[in-house]
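These are the structures in question, set out in turn.
Both of the next two complexes hold chain A, though its partner changes from chain B to chain C.
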Partner chain A sequence: MKKKLVGFLFIILVVSLLMSTCLGAQKKKVTIRFATWAGTDEAKELQEIIDQLNAKSQQYIIEQDSNPADYDTRLLTQLSGRGGPDLFWVSSQRAAQLSAKGVMLDITKMLASSKHEAANIADYFEASLEPFKVKERIYGLPWIEQPVVLYVNRDLFDKANVTIPKGNWDWDKFLEVAQKLTIDNSGKNAGEKGFNKSAIKQWGFTVNGWPPAQIFVWQSGGDIIAPDFSCSPIDTPEAIRGFKFYADLINSPMVPSQQTIRDRGFDTMFRNQQVAMFMGGAADNLENRVDFRCEVIEVPMGPTGIKSTFADVLGMGINSKTKNPKAAFEALLDLTSAIHQWKVMPPRKSLATLETMNKLHPERSQAMQNIINSLAYAQPYRYFENYPDWDNIFWTQLMDPIVNNQGDPEELITIVKPLLDEKLK
Partner chain B sequence: MENIAQRSINLKSSKKIIGKVLIYIILIMLTVIVFIPFLWMLSTALKSEADVFSWPPDWIPKPVQWNNFVDAWRTMPFTKFLQNTLFVVLLGMVAELISETIVAYGFARFDFPGKNLIFVILLSTMMLPFHVTLIPTFVIWNKLGLIGEFDPLVLRAWTAWGPFYIFLLRQFFMGIPIELDEAAEIDGSSPLQTFLYVLLPQIKPALLAIGVFTFKGYWNDFLGPLIYLGNKEKYTMNIGMYFFLGGINEAPKWNYLMAMSTLIALPVVVLFFIAQKYFIEGIAFTGIKD
Partner chain C sequence: MERFVGTFIRWLITPVVLVLIAIGIYHLLKRLGWKHRQAMGLSLISPWIIGFLSFIAFPLVNSLFLSFTDYNLFNKPEWVGLRNYQWLFTKDIEFWPSIRLTLSYAALTLPIGVLGSLILAMLLNRKINGVGFFRTVFYLPAILPEVAVALLWRLFFNSESGLLNYILRPIFNLFNMGKPNWFGDPKFVLPAFVIMSVWGIFGTNTVVFLAALQGVPRSLYEVAELDGANFLKKFLHITVPQISPIILLQIIMGMIGALQVFTVAMFVRPTSAAGKFLNQLVYERGFTQLHMGEASAIAWVLFIIILLLTLLVFKTTPAWVYYEAEAKR
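Right after this comes the complex of A and B.
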C-alpha cells in the first residue's frame, strides 16, 4: 500500500515538473505601460501603430495611456512616487532634467549592442540627441525633430499681388511682405499713405510669444545660452538686435495686438484668413488642414545672412524603475522607428531625404523640400538640468514684458541677464 | 400736520422702493456677470469648430450645432467615463459621510485619553495643501500595489480624511443636548442605537450639506484621478474631456470641450436645486461656505 502511494506521488511529481517546464517554455509577454500626451486623433493613430507592434512582438504588449491633461504634473508625480509608466513621451526640456536626475534609464550600452535600425546613433541628427545626453551617456531617443517653418496663405498673397518669397530672403524682405499683407478696412496696406492702423482687417504676421524670440536672436548672430553653459549672452549687440526686431514686430501694425490674438485665437486667425503668414512646426501640416491655398516656405534669414530656426525635439524614455528594462527597450526601439515613419520630420539622416519623405507623406510634397532645407539649420534650445528655473525667469521677466507690455528689450536685458547667469552657475 | 406725516411716510416708502430697485439692479448686473462664462460655455458648445473664434462673436450660433453633444460623447468612451465617475463619486461620498460622522460622534460624545491632542492633530492636517501630501500619498498607495485602480480614490474616503467636515459634524453633535443621549440610555439604548436613531436624525441638514459638498468634490476632482488612474478604461469624465485639448500638432476642439463641460456642470447644478432647501439650512447651521 505504502509502495503504491509513493509511486502515485512520484508520478504526480514528474507530471507536475513536466507541465511546469512546458508552460515555462511558452514565454509570457510582459506588459509595458506607455504614457503619452496624445489627444483624441493622435491617440487613435498611435493605437494603430501599437496594435501592429504588439501583434509582431514576442516580448511585450504595449498598453497606451494617453492623456494631454497636465501631462508633466502627472508624469513627474508618478515618477517621484517611484511608480509611473515603463515608457513615456518626454519633451526635450524635461528629458534633460530627468536624464540628469537618473529618472530615465541609461540606454547607452543597450543601444551599442542592438542591431535595430532605431539604435543606430550615428544616423540621428546630433542636435536631436543632445537633450537626451548627459556626459556622453544616452537616456532616451528622439522621435521627432520638427523645424519651425513659415505657412503662407497663397490666396491672400495673390490678392495683394505679392509673390511668395523663396529661398534666401531676409528680415527686410519679410517686413516688406508683411506690410503689403496688412490691410485696413478701406483696402489700403500698411505701406500706403492713409493706412488706418486702428481699423485693420488683415494682418501680415502674428506673434504671441510664439514663434520664440530665440529664432531672431540666432538669425542675428547672437545666442541665448552659451555653448559651454557658462552664461546667457543676451546682452551682445547681435542678441539685442534680434530681441529688438522681435519687439518692434510685435508693436507694429503688421501684428495683431495681444488682446486681439487672445479674443480671436492665435492660429485660428491664420485659419480664418485674418493673418497671412504664420510660423508653425513642420508637423502642424496646416497646408492640408485649411480651406485656402496654403504653402510652406523657409523662415527668413537674418540681416547678415544667417539662417536659423527652432527645432522642437520630442522623444521617449524608459523609467529607470521599470521591472522589465529589456522589453521596455525593445518597445522603445520599435515605437521610435514606427513613429519616425509617421511624423514629420524624423530626426534620422537616412529618412530625412526628399525621396523617402515624399514616399511616406505624399500629401506634403509641396512642403517637403522646404522642411528638409529648414532641418539643416534648425536647432533646439540648449537644455540643462536647471533649465526649467532658467526658463521661468526668461519668460516671466524678459519675454512677458516684451510681448504683453511693450517692454524695451535693452532695458530689460540689463536687469534679467544677471538672474539668468545665476541659474547657469 | 397729518399731511406732513403722510408726506413723510410717502417719502420713506418711495425711498424704500428706490433702495430696493437699486439693490435689484445691482443684483441683476452681478447675476449677468456671473452667468456670462456659463452662457459663453453653452454658446461655444453649440458652435461649429470654425465658428468658435468667429469675430464679432455670435452669442446665438447659426446654425445651432446640437449634434456637438452627441459627437463629443461618441468621440471618446464617455459612457464608460460616466460609469467610472459615478462609481467613484457615489462610493466616495457614502464612505466619507459614514466615516466622518462616526469619527465626529466619537469626538463629541466620548472621553478617551489624548482626545484633545488627537483632535488638534486632526485639525492641523487641514493646513496641509493637497499638493504637499500628493507624492507621499502616492508612494503609500504604490507600496500597497493599488496604483492604476479606483482604490486610492475610494478607500481614502473610508479613512475619514475630511477634517473640516469632522470638525463641523462634531460641533453639530455638541449642539444637541446630552440629555437626549441620557434619556435614550435610560430607555435601554446602546451608544450605537443612540447614534443611529437619536442623533443622526437631528443632523440631517448638516449631512445633506456635507453630502452635496463631497459629491461636488468627487465629481469635480481632477488631480486625484489624473495621478492614480492607469488607463483610458478607468478615466473619469473630467480626465476624459481633456482629450479635446488636442496635442502638440493637434488643434483643441473647443466646441466639444465646452459641450462636455456643460454636461459635467449639469448634475451639480441640478443637485443644488433639488437639495437647495436642506442645503441652505445646513449651511446656516454649519457655516460651510465653498
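Right after this comes the complex of A and C.
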C-alpha cells in the first residue's frame, strides 16, 4: 500500500516536471502578460489588435488578462508581489502614484533611443504625459486623451423648438437652453409660468458628481490645485463662482434629483430621452449608440469667455519587476500605437487632425471637429503621488455634501480648504 | 494557455508536497517516540495546520506588525511605532465618525437581530399546518446573494419612487414632513441601515434558534403547566435558560457581524457625510490610498473593540447563561 502511494506520487511529480520542461522547450518568443480593465466587447476588439501584433512580432507574444471587476485592487495586489503582469493599463491617478513609487519602469532612456512612432515624446500633447512623469523621467505612455464633450438629443431640441448652440456659448445660454428643455407633465418648460417642478418628465441636463466640478471652476478662471502643488486655491472668488454655479445647477429643477438618477441610471436617462443634454467622454461615442438623433458639441465656456473641459487620460506602464523589459517595451510601443488608431482621441498631435481622425473613424465625422476643438483646451487633474489622499477629502468633505445634501459651497470651502492644503504639504 | 498549465502543474504539485510533509511529520513523530495513533492523527491534520498558519495566523501577525509601520504595498515596511494609531485617534477626520457609525449600528441592530430571530423561531416552532413551508420561506433570504439584496434595498429606500416612502407617506403627511432621502441625508443613513439589518433576522439565525428550541425537553413545559405557569413564565423560566448558550452564541456572532458590515455599505454607498463603516475605511485606506499601515491599524482597532465587547459579554454570562446540569440560585 505504502509502495503504491509513493509510486503514485512519484508519477505525478514526473508528469508535472515533464509538462513544464516541454512547455519551456516550446518557447520561442517572450510571453508578455498584459492586464486590462476591458469589458467583454472591448476585450474582444483589443484581442484582434493583439493577435495582429503577435503575428508580426519576432520578440513577444502578448497575453491579454482582462479584469473589469475591481481591476485596481487586483492589479495592486499582483504588483506588490512577484507575479504581476509585465504590462498594464493604468489610470492617470494610479500612474502618478505608481510612477512615484517606482512600480512602473522608467522608460525615459528607452524612449529616447527608439525610432518607433509611439516613442516620439514631442508628438504627445503635454498634458497627456504629465501623469506619467516624475521629475522629468517618463514611466508610461498615454493611449487616450478624451475630452469631455456635450452630447445633445436633437429630437428633443427640435421638439422644444430650441436651436443647438454652436461654438462660443456660455453659462447663461446653457441655463437658458436647459430651462427650455426641462418639461413637466403638462408640457410646460422650466421657464414658463405654472411649471410644476414636482412633476417633471424631461430634464435639460444631468449631474451626479460627473461632470466634475473642476470643469466649471476652470471655466470661471479658478483652479483646484495650484500649478506648483503648493495649495488648493478653492477659496478664490473665481473658484467659488464655479462651485456655486455647479451647486445651483444640481439644486435646480433642470437637473434630476440624485435619487432619480440613482434609480433610473445616470446615462440611461439620456439614452431613454429623459435628459436632453449629457456631458460625457469623447470616446463614449453616444451619437452612434442611441436610438435618436444625437450630436456632439463643445461644452459651454465660462462667464468671462474661458474655455475649459476635463481630459480623461488613460495609459499603459511596464511593471518594473518584469523579467523582459526590452520585449515589454516593444510591446508597449506597438500596443500604444495600435490603440491610438482605435480610440478617440489619441493623445498625439500628428494623429489629432480632422483628416486623420475622419479616416480612422468615419462613423464619427459629424462629431470629430468639436472633439478636436475640445481637445485644444482640455486638461486633466493635477495628479501627484498622494493625490488619492487629497481626493478623498475633496470628495467626501466638499463634493459629496454639495451633490447629495444641498451643501453651501462657500461654507464648505472655508472648512475644507485647510484640510486639502494639509495634504499638499 | 501556458499560464493555465503552469497553474495546473502547481495545483498538482501542492497536494503532493502536502502529503509528503504529512508523511515526514509522521516519521519524525514516531522517531520522537510518539504512539502510532497520535502521530497518524497529527500528520493527517497537518495540511490544515499548514493552511491555518499560512493563510490566517501569518497574515494576522503580519497585519499587527504592519500597523506599526509605514507601508504602501511597494516599499519595505518602515517602523514608525505608534504613529498610525496616534494619527487615527488625533488627526484622522474620518476615524471617529466611523467608530460612531459602526458602534451605533451594532448597538441598534444586535437586539433587533437576536430578538427578532428568536421570536420568529418560536413562531416556526409551533405545531401548525404547513410549518415546513414557512420554515423554507423564512430561510430563503439566507441563500440570496448579499449584493442582489442590497440592490433591492436601494430601490426600496428610493426617496421618490421607493416603496418605503410610499408606505410611510401618511405618517409624513401627518407630521408635515418631507420624504426622507435615506442614503443622501446623513441623518437617515443609520436608520436606513438598521432597517436593512432586519433582513438578517431571517435565515441562519432563525434556524439555529429553532434547533435550540426543539432541544428543550417537553417535560419541563408540562410540569410548568401543571403548576399553572402562563406563557410568559414558561418563556422566562424555561425557554430562555434552556437556550441561553445559543443566545450567547447569537449575541457574539451578531455583534461581530454588525461591527464588520462591509458589502452592503460598499454597494449602497450612502453619503460619506454620515461617516463610513470601519471596514469600508480599512479598504479605502489600504487599496485606494495605499496606506496599508493605517489600514492595518484601523483593522486592529476594530479587532480590539470586538475583543473587548466579547469579553464584556462573557463577563456577564454567569448571571444569565445556563449550561447543562448547572444549577443557578
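The working rule: the second predicted complex is superposed on the first by the 397 of 425 C-alpha atoms of A that agree within 3 Å, B and C clash if a C-alpha of one lies under 4 Å from a C-alpha of the other, contacts with A are read in each partner's own complex, and residues count from 1 in each chain.
Everything below uses one rule, namely that a contact is a pair of C-beta atoms (placed from the backbone, for glycine too) under 8 Å apart; a residue touches a chain by one contact, two chains touch by 3 or more.
Every value quoted in this text rests on a predicted model; they were computed, and no experiment measured them.
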Contacts of A:N161 with chain B and chain C, given as first, second, both or neither: neither
Chain B versus chain C as contact partner of A:Q78, first or second or both or neither: first
Touched partner set for A:E63, first chain B, second chain C, both or neither: both
Touching partner for A:D267 - first (chain B), second (chain C), both, neither: first
Contacts of A:P388 with chain B and chain C, given as first, second, both or neither: second
First, second, both or neither for A:D41, with chain B first and chain C second: first
Touched partner set for A:G102, first chain B, second chain C, both or neither: second
Touched partner set for A:D284, first chain B, second chain C, both or neither: first
Touching partner for A:Q397 - first (chain B), second (chain C), both, neither: second
Contacts on chain A seen with chain B and repeated with chain C across the two complexes: 33, 63, 73, 77, 80, 263
In the complex with chain C, residue positions of chain A that touch it: 5, 9, 12-13, 15-16, 19-20, 23, 31, 33, 63, 72-73, 76-77, 79-80, 97-98, 101-103, 257-260, 262-263, 386, 388-389, 392-393, 395-397, 400-401, 404-405, 419
Chain B partner contacts - residues on chain A that touch it in the complex: 33, 37-43, 63-70, 73-74, 77-78, 80-83, 146, 263-265, 267-269, 271-272, 274, 281, 283-285, 289, 312, 314
Interfacial residue positions of chain C with respect to chain A in the complex: 2-3, 5-6, 9, 12-13, 16, 19-20, 72-75, 93-94, 154-155, 158-161, 181, 183-186, 271-273, 284, 287-291
For the chain B and chain A complex, residues of the former touching the latter: 50, 52-55, 75-76, 134-135, 138-139, 142, 147, 222-223, 226-227, 230-232, 235, 239, 242-253
